[in-house]
Amino acid sequence: MDLGPYLTSPSVWIKDPETGMTNCAILRVYVASPTRLVVSFVPTRHTHHYFQKYKAQQRNVPIILAIGHHPAFYIGAQTKLLVDEPAIIGGFIGEPLEVTPSETWGKEIMVPAQAEIVVEAEMSTSELEIEAPFGEYTRYYGRQARKPAAEVKAITRRRDAFYLDVMPGHADHVLLDAPMVEAHLFNRIKSVVPGVLGVHMPVSGTARLHAYVQIRKSNDGEAKTVIATALCSDYHVKHVIVVDEDVDIFDDEQVLWAVATRSQWDKDLVVIPGMMGTSLDPSANGVVTAKGGIDATKPLDPGRFPQRIRIPEAVMSRVKLEDYLPSDMLRQV
Amino acid sequence: MDLGPYLTSPSVWIKDPETGMTNCAILRVYVASPTRLVVSFVPTRHTHHYFQKYKAQQRNVPIILAIGHHPAFYIGAQTKLLVDEPAIIGGFIGEPLEVTPSETWGKEIMVPAQAEIVVEAEMSTSELEIEAPFGEYTRYYGRQARKPAAEVKAITRRRDAFYLDVMPGHADHVLLDAPMVEAHLFNRIKSVVPGVLGVHMPVSGTARLHAYVQIRKSNDGEAKTVIATALCSDYHVKHVIVVDEDVDIFDDEQVLWAVATRSQWDKDLVVIPGMMGTSLDPSANGVVTAKGGIDATKPLDPGRFPQRIRIPEAVMSRVKLEDYLPSDMLRQV
Amino acid sequence: MDLGPYLTSPSVWIKDPETGMTNCAILRVYVASPTRLVVSFVPTRHTHHYFQKYKAQQRNVPIILAIGHHPAFYIGAQTKLLVDEPAIIGGFIGEPLEVTPSETWGKEIMVPAQAEIVVEAEMSTSELEIEAPFGEYTRYYGRQARKPAAEVKAITRRRDAFYLDVMPGHADHVLLDAPMVEAHLFNRIKSVVPGVLGVHMPVSGTARLHAYVQIRKSNDGEAKTVIATALCSDYHVKHVIVVDEDVDIFDDEQVLWAVATRSQWDKDLVVIPGMMGTSLDPSANGVVTAKGGIDATKPLDPGRFPQRIRIPEAVMSRVKLEDYLPSDMLRQV
Amino acid sequence: MDLGPYLTSPSVWIKDPETGMTNCAILRVYVASPTRLVVSFVPTRHTHHYFQKYKAQQRNVPIILAIGHHPAFYIGAQTKLLVDEPAIIGGFIGEPLEVTPSETWGKEIMVPAQAEIVVEAEMSTSELEIEAPFGEYTRYYGRQARKPAAEVKAITRRRDAFYLDVMPGHADHVLLDAPMVEAHLFNRIKSVVPGVLGVHMPVSGTARLHAYVQIRKSNDGEAKTVIATALCSDYHVKHVIVVDEDVDIFDDEQVLWAVATRSQWDKDLVVIPGMMGTSLDPSANGVVTAKGGIDATKPLDPGRFPQRIRIPEAVMSRVKLEDYLPSDMLRQV
Amino acid sequence: MDLGPYLTSPSVWIKDPETGMTNCAILRVYVASPTRLVVSFVPTRHTHHYFQKYKAQQRNVPIILAIGHHPAFYIGAQTKLLVDEPAIIGGFIGEPLEVTPSETWGKEIMVPAQAEIVVEAEMSTSELEIEAPFGEYTRYYGRQARKPAAEVKAITRRRDAFYLDVMPGHADHVLLDAPMVEAHLFNRIKSVVPGVLGVHMPVSGTARLHAYVQIRKSNDGEAKTVIATALCSDYHVKHVIVVDEDVDIFDDEQVLWAVATRSQWDKDLVVIPGMMGTSLDPSANGVVTAKGGIDATKPLDPGRFPQRIRIPEAVMSRVKLEDYLPSDMLRQV
Amino acid sequence: MDLGPYLTSPSVWIKDPETGMTNCAILRVYVASPTRLVVSFVPTRHTHHYFQKYKAQQRNVPIILAIGHHPAFYIGAQTKLLVDEPAIIGGFIGEPLEVTPSETWGKEIMVPAQAEIVVEAEMSTSELEIEAPFGEYTRYYGRQARKPAAEVKAITRRRDAFYLDVMPGHADHVLLDAPMVEAHLFNRIKSVVPGVLGVHMPVSGTARLHAYVQIRKSNDGEAKTVIATALCSDYHVKHVIVVDEDVDIFDDEQVLWAVATRSQWDKDLVVIPGMMGTSLDPSANGVVTAKGGIDATKPLDPGRFPQRIRIPEAVMSRVKLEDYLPSDMLRQV
C-alpha cells in the first residue's frame, strides 16, 4: 500500500555532539518519500540547538525516530530540562530504559530497545525542503515552511510491531505536554499562594491556552494573584479561571458553573492587553495577545454565600440502583 | 415507610376562578405531613395571580398535583403564555390531553387522566407555613420562607404507578425551562441578526445564566449585537458566548475552544455592570448584576484566519474500526 | 418653469407579481427628465424583493407614485409588516382607503383615488442610472449610486392639486419613521421592564440615532437593561437616555437636565464598542459603531434624593396673567 | 394681603467694615415676618467674609436689599472680582450707578437711587434662624439650615414700584451667573486652544453643570484638551460637549445632533471619576463627582467626512413664503 | 583651532520693525561657517512673527546674538509676554539692563553692554539652509529642517570673555523654562484649588512632561481637579503627581514614596487618551498623546491613615556627629 | 545613662528543637527593661514556626541576640531558605562563620564568636506583652500588638564593642531585604523573558513596593509579561516599571525620564485591582491592593524612535576639566 507523502510524529532522538547528552522530542516528520524525511525543528528548542552544533562542525546529524513505546516513555520525553533524557524517561517508566547500539552508527548512537519501530536517518544541515501544511495543537492548519531533510539509513522493528502515532490537533496530541505545564504552573502558584490545590490545562482550551486553578482561599486577593501568576508562567496560557476547592477542575461543566454563579465580571475579571503569547493563536497579533482571567471563587466570609446543594451521604448510600433498574440495564451503566 | 417531611415538585394545576382557564406549573411542594402541603407560589407568576383572585373572593383554592406523565406534558406546561395550558400541552403531546372529573370537585375541576398519581388538595388563602430550605436551579440552597398551606382531599393513582419527580438543582430540574428560553432568545436575536443559527442554554450555566449563540456572520458588529440582545431578552441570562457556524453550541468543549482561539478579551469582551438579573445568583447584589459576553467568532474576512483541522471524509470512510479492534471491544463502543 | 433634474420623495406603490399584495414605501425618486425617473430601491426592503420577482419573470415593473394625501396615509405606509399595505393605511385613516383603476394598466393596478397627483410609470429591471447625490436622514449628503430607471406613462391629478413632498434630512423626513420605531422599542422594552412609560426618538438625534426612554423604576438595574434592549432592538439606535416618570421625554431640555443632575458617568454610563449600526452614521466604521447609554434615573430609595421644585397647583391657579400683562400682550402668548 | 413667610432673592449690599468697599450679591432672603429677615450667606463668598469682620468688631451688620433695577444692574452684580461692585455695575449699565444716602445710616451707607424698592436692615452676627427649605439652581429643594437674622429698619420705594424677583431654579435664576462663567471658560480655553469660538452654559444643564464649546479645530487632540480645561476651570462644570464651528452651541438640538453623528463613545468620551464638584448636584457624593466630556467634532481631514446638507442660498432667496401662505397666516409666523 | 560647523544657543535679539519692541529668545544657532549662521526660528513664537514682518517689508532682519551674561538675564528672557523684553530682564536683574548702540546699525539697534560676546548678523528672509540634527529637551535628537540663514556683520567681546552656552537636552537646557511654567501652573491651580502649595517640573521629566503638585487638601476630589488643571494648562505637561504637604516635590524619591504608599491605581489614577501634547515626545502620535495623573494624597480623614515616621527633634538635637566620627571624617560631610 | 524602654533590631537566633537547624532573622526587639525583652515574631516566618514547636513541648525558647557583625553576616541572614542559616552566612562572608558555646546553655546553643555583643535570653511561650508602636519599612508607624517576652540570661561583648543597629523605616532597614528580592524577581522574570538584564527595588519605593526592570526586548509583549511576573512573584511588589537596556534602573531620574518619553498610559499601563499585597501599605484595603505597571520601553522597530542624545566619546575625552577649572576647585569634584 503506497500512502504517498504523509506526516508522522515520532519520538526523535538527537545527541549533543559535544556533551554526548541525548535529547528526545516528539517532532512532526514529513515522510516525503519512503527514504526521505523532513523534520520540523523548532527554533529555541534543544534539538535545534544541537543541530546548530553539528552544522558548525560541518557534519550531518544522526537522528533516531522511535515509533511506539510505553506511555511513560512519551511523558518522560516531554520534560524540558537540559539533561540526558533517556535517563529521565527511565524515571518515569520505573526502571532504566533499555537501549541498544544502532544499526548505522553502532555504540556511538544508542536506540531504545523496546520501541516498536526504530528508523535511523542522517540529516543534512544545509538542505531545507518544503514541509506540507499540517495541523497544530490549536486545531488549525499552520503555514508551510522549509525544514531540514534526512535520508533513511536503516529501519528495525519488533515482530508484529504496531505503529503508534499522534494525531495533530487532537486530544492525544494536545495532552502530551499538559502534565509538565500543569506541574510547572502548580509550583509557581504554590510559591505565592500556598493554598493552591490543583491546576488543570483542559482539552477544551487545547491544553495550553486555558488553565483552571483550584485554591483553598485564605486571603482576599489570592485569586487575582493566581491569575497573574498563571498568565506569566507559561507564554501559551491565555485565559485562567480560579475556583474553590469544591469545584472539580477536571470538569469543564463545574468550572463553567462556578463562573456562572460566583463571578461578577466588573470586579472579578482581569484583562491584560499586549502580553506575549503564541503566534499559533490565530486571534493574536503575531505573538502579542490580550490575556485574561476570571476569579470564580466565593467571598472568604462564608456567611455571605449560600450553601451548595449536596445529596447527604446517608441518602446516597440508602439508594440502590438494583432496586430501580432491571439487571440488564444495570450492566450497561 | 415514613419519609418524614420532604419536598416534591409536581405539576400543579390551578384554575382561574374568573375565566376558567387552567394554569399548570411545576412548583416545589413541601409535604409537611401526609395530609398537609406547603406550596411555593412565586409572586409575578400566573399561579400567584389566580391565588389572589380566590383570596379576593374569600374562597379556598382547589389545587391538583399531577405526578408522573408523558415528557411532553412537562415541556408543554412550561410555556409562559396566558392560555388554557392543558390545551397547549395537547399540542406538545400530539393529541388532546385526556382529562377526567376530580374526585373532590367533580366536573368543576378536571384532572389529567393519564397521570400516574393525582393529589387533590384545598389551599387556604390565609395560612402561611414555613417551607424547609430547598435547592434552587443555581445549585445552592435558598432561604426559608412562609408559603400557603393546603389540606389533601383525595389521592388517585394508576396501578403500579411510578413516582416521577424533579431533583432540585440537578439537570432534570434546570433543563425543564431551557427549550422555552432558547426559543424566545432565538426569535429575539433573529429579528436583529437574521443569520442566527441556534441558541443553547447549557446545563453548565444552570440552563439560565449562560447562553451560547451560533451565527453565520454577515456583518462585523453582529456578535456584539447578539450579546446585548441575549443579555436583555431574559433577565436570568448573565453571560453570552457567540460562535461561528462550525462550532457546536451543544458542546461546552467546542465553545470553550472557540473562546480560546477566536477571542481577544480587550476587544471581544463586553461587560455591562448594574443590569437587572436574578437574586438567586449568589454573586449578584440583590437583583443587580454585572452581565457580560464574549465574541468568539472569527473575523469576516476568511483570509485573515487559518483553516480548522478536519479529517477528510475520504479518509474517515476508509478507516474501519473492525480492522483495528477485536470484536468484543467493538461491541462496547 | 423648467426645474431641471430634481429629487422628490413620493409614496411609491409596487405590486407583488405573485401574491398580488401591494407595498407602499416613501422612496427617493430622481426626476432625470420630465418623463424619466430613477428610483432609489433599498436592498433588504420589500420593494426591492418584488423588483427581483419581476426581473425573474423578465417583465417591466409597473409603479405608482402618489404625491399628496392625508397624513395618516403616510404614517400607515411606514409599517414594515409583510401585508397588503393599502389595507393597513385604511386602518390609520379610519376608513377604507379609496382606490381606482390606473390609467395605464386598468384594474390590474389600482391607484389611490384621493391622492393629489398620481404618476404611473414602467420601470426597467435591466437599466441602472446614476442618481444625483442626495441628503440622508442624518443630515449629510450620501454617495452617488446607480439605481433602476422608469419611463412615465401617465400623470393624473386633482384640480388645484398641491404638491406634498419630503425635504430630505429635515424634520418632516426624519419624523416619518419615528412612530413605528418608537412603538417597536416600547414593546421590546415592555417585555423586560414592565414599568416603561414611553419611548421617544427625538429629532435632535435624527429620530433614529437617539432614543429617550421614560420608566417607573421598580428595581435597581432596570435602566441598564432598558439601555441594552434599546441598543439592540433597532440597529440605528446608537445612544439611549433613560429617565424617570417626572421627566418629559419629548423635551430635549428636560432630558438633558436629568443627565446633568441624575447621572454619574463612572457608574451610570454604558459603552459597547463594536456593535452593528448604520453606515449612514459618518462617525461609524462602515456598519460598526460604538453604542452607549446613560442611566439618568434617580436611585430607587426616595430618601436619598432631594425633591424636585414644583410650583404648587394652588399657587399656579391663583396667578392670573391678566392681572399682570396688558391685554394686547396676552393675545400673543 | 398677608403672604405669610416667603422667600425672595434681592440684590443684597454689604459694606466691608475695613476697606469700605461694597459687595453686591443676589442672595436668598427668607421673610420670616414683615420685619424679620433670614439671609442665606454662603461660606467662601465675599459677603460672608465681611460678615465675619463685623462679628470680630462685635457690631451688627447694616445691609441693603435692592429690589427691582435695570437688567445690567443684576449682571454687573454677579462678577466675582474683589472690587467695589457698585462701580462695576456702572460699567455694565453704561453710566455711573446713581446712589443716595440710606434712611437709617445716612451717607455712611449709600443705596441705589433707581431701585424700585430698598429695604434697610440690621443683621445680628450672633442669632441664627432656621431658613425654610428652598429651591436651588439645580431645580431641587435644598436642605434647611440656620442662617443669620436681620431686623428691618426702613423701606423706601418708587411710586408704582414693581417687585422684580428671581424664581429659584427657573431660567431667570440659573441664567444670572451664566455670562460670567461663559466668559471665564472662554478665556481659559482660549489660552490653550486658540481656535475656540464660543462657550455656552445651556439652561438644560442648569447653566452650570453643562458646557457646550465651539472650536475651529487645527490639531487633533484639541477637543480633549478643551474638555479637561472646561471641567477644571469652574467646579460646577460636570459635562462638556465640544462641537465644530458649523454647530450652533445655543441650540440643544444641534449639539445633540453633533453627538449623534460625530462621536464614537469608545474613543470620543472622557470620564474622570472623583473630581471636585458641587454638593448641590444630588447625584454627587458630597462634593465628589464623576465629570465627563464628549468630543463631537469631525476629524480634521475633510475627506473623511460627508458634507452637511444645506439648502443653497440661491434656492432660499427664491422661495417667498407669501407665494405659499395666505396673508393672515403669514402674520403669525 | 577650527571647530568645524557647530551648534550654539545664544540669546537672540530681534526688534519688531513696526512697534520697535525687542524680543529676546534663547535659540539654537547652527554655525555653518565662521561668518554664516542658521537660526532655528519656531513658528508660533514672537521671533518668527517679527521675521514675517521684515519679510513683508522685503528687508533683511538685523539680529543680535548675546553670549554670556548674568543668570537673571537668561531667566528674564524666558517670559512669554508680548513686551519689550530688555525692560523685563532689568526687572529680574534688579537694575536697568545696560545697552549700547550696535556696531552695524548704531542706535537703531541696541545691544546688551555687559554681554561677554555680541555677534551682529543680518538674516535673509528668503534663504533657508539645512540645520544639522540637534538634541531636544526630551534628550533625543530631532529631525533636520531648513531654517533661515544669516551673515555675521560684527563681533564684539569683553576682554577675557567667557563663552556661556546651553547644552541641548541637559539640565541647564531643560531647566531654563521651568520657573515660568511652574509659576503659570501654580496660578492656574490656585484659582481652582486654593490649597495648592507648590508646583515642580522635575528634571527627570525633562522639566516639561512631568509636574509634581503639592496641596493642603480640604476637600476630597481636589487632587483629581489639580490633575486635570495641570494637564491642560500647558500642552507639554503629560503626567502629574499630586502629593500632600509633607512630601517634598523637589525630591523625586519622596514623590515616588508617596506614589508607593498613598495611591491605589484603580481609583487614584486618571488617564485621558487623545489630548494635545508635543510632537517632540517620541511616544506621542504626532501631537496627540495620552496624558495621565496620579493622586498620591492621603484621605482627608486623618484617622484612616497611619502616622509617618519622624525622628523627634529632641532626639536629633541630642545626637552630635562629633561624638561618633573622627574629626577628619567630619570635615568631608 | 538610662535610656528607658527602647527598640532595637538585632540578629535573633533560634534553634529548631527537632531538627537542630538554627534560623537567623533580624527582628524588632522591644527592650522593656534592662533584663526584659519583647520580641516581634511574625506569623508565617520560620522563627514563629520553631516557637510553636517549643510551645508544644512546653519548654521555654533559648534565643540569641547578636548585635554588630560583618555586613555579609546580615545579608546572609536574610535568605528565606529552610536551611541551617549560620552555614549560609559563611557562604556570604567567604569563610565558615566562627561560633562558640553560649554562656547559658553551653554547646547546646552556639553563638557567633565575632559578634560585637551577644545577648542570651529565655523566652516564655505563654506570656505576651504589649510592644510599643514602631516604625515599619513603609516609613509609617505600625500598630501596637502583643508579642512574646524573654528574660535576659547573659550578655557577652568584645572589648570596645560598637552597637550596630537598624533604623526602622530608613534606608539601612529597607535595603536589607532588597538583594534577596531582586535576585528572586530576576530569576522569575528570566524564566519567561530571557532578555531581562536587571531588577532594582529602589529605596524610593521602600525597596519593596516598587520594582524597576531592565530588559533587552526581542518581542513585543515582553514588557507586559514582565509586569505581570514581577507583580505576582513577591506579594509586596505593587508597581513595576520596565525600561530598555540604555536606562539605568539604579537611578530614579532615568527611570522617570523613560516613563516621560517612552510610555503612553492608555496602552502601556496595566492596572490589576484586587490583588494580594501587604497590609503595611496604608493605601491598601487590608491585604487587598490594586497593583500596576508601566511599559516604558521603546517599540522594537528602531526606525520608529529617535536616537537618544549622547556626547561622543571623542568629545568627552578631548575635554579636560583642568583646562577650565582652577586647581583648588578641581580637588573638590
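Per-chain numbering from 1; labels A, B, C, D, E and F assigned in written order.
The rule is short, and it goes like this: a residue touches a chain if its C-beta (ideal position, glycine included) is under 8 Å from a C-beta of that chain, and two chains touch if they have at least 3 such contacts.
This one's a predicted model, so the numbers in the text were calculated from it and none came from an experiment.
Separation of subunit A from subunit D in touch steps, taking the shortest path, is 3.
Note on A-B: across the candidates E-F, D-E or A-F, the interface recurring with over half of the contact pairs conserved by residue number is E-F. Centroid distances built from C-alpha atoms place E farthest away from subunit B.
Centroids of subunit B and subunit C (each the mean of its C-alpha atoms) stand 39 Å apart. Taking the mean of the C-alpha atoms as each chain's centre, subunit C and subunit E sit 59 Å apart. Residues of subunit E in contact with at least two other chains: 267-268, 273, 289.
Taken pairwise by the contact criterion, the protein chains form one closed cycle in which every chain touches exactly two others.
The ring of chains, read from subunit C with the first step to subunit D, runs C, D, E, F, A, B.
Note for the complex: subunit A touches subunit B at residues 135-136, 138-143, 168-170, 202-206, 209-210, 238-239, 252-254, 256-257, 259-269, 271, 273, 281-284, 289-292, 298, 305-309. Residues 192-193, 219-222, 224-225, 228-229, 231-235, 267-268, 270, 272-277, 286-289, 295 of subunit C are the ones touching subunit B in the complex.
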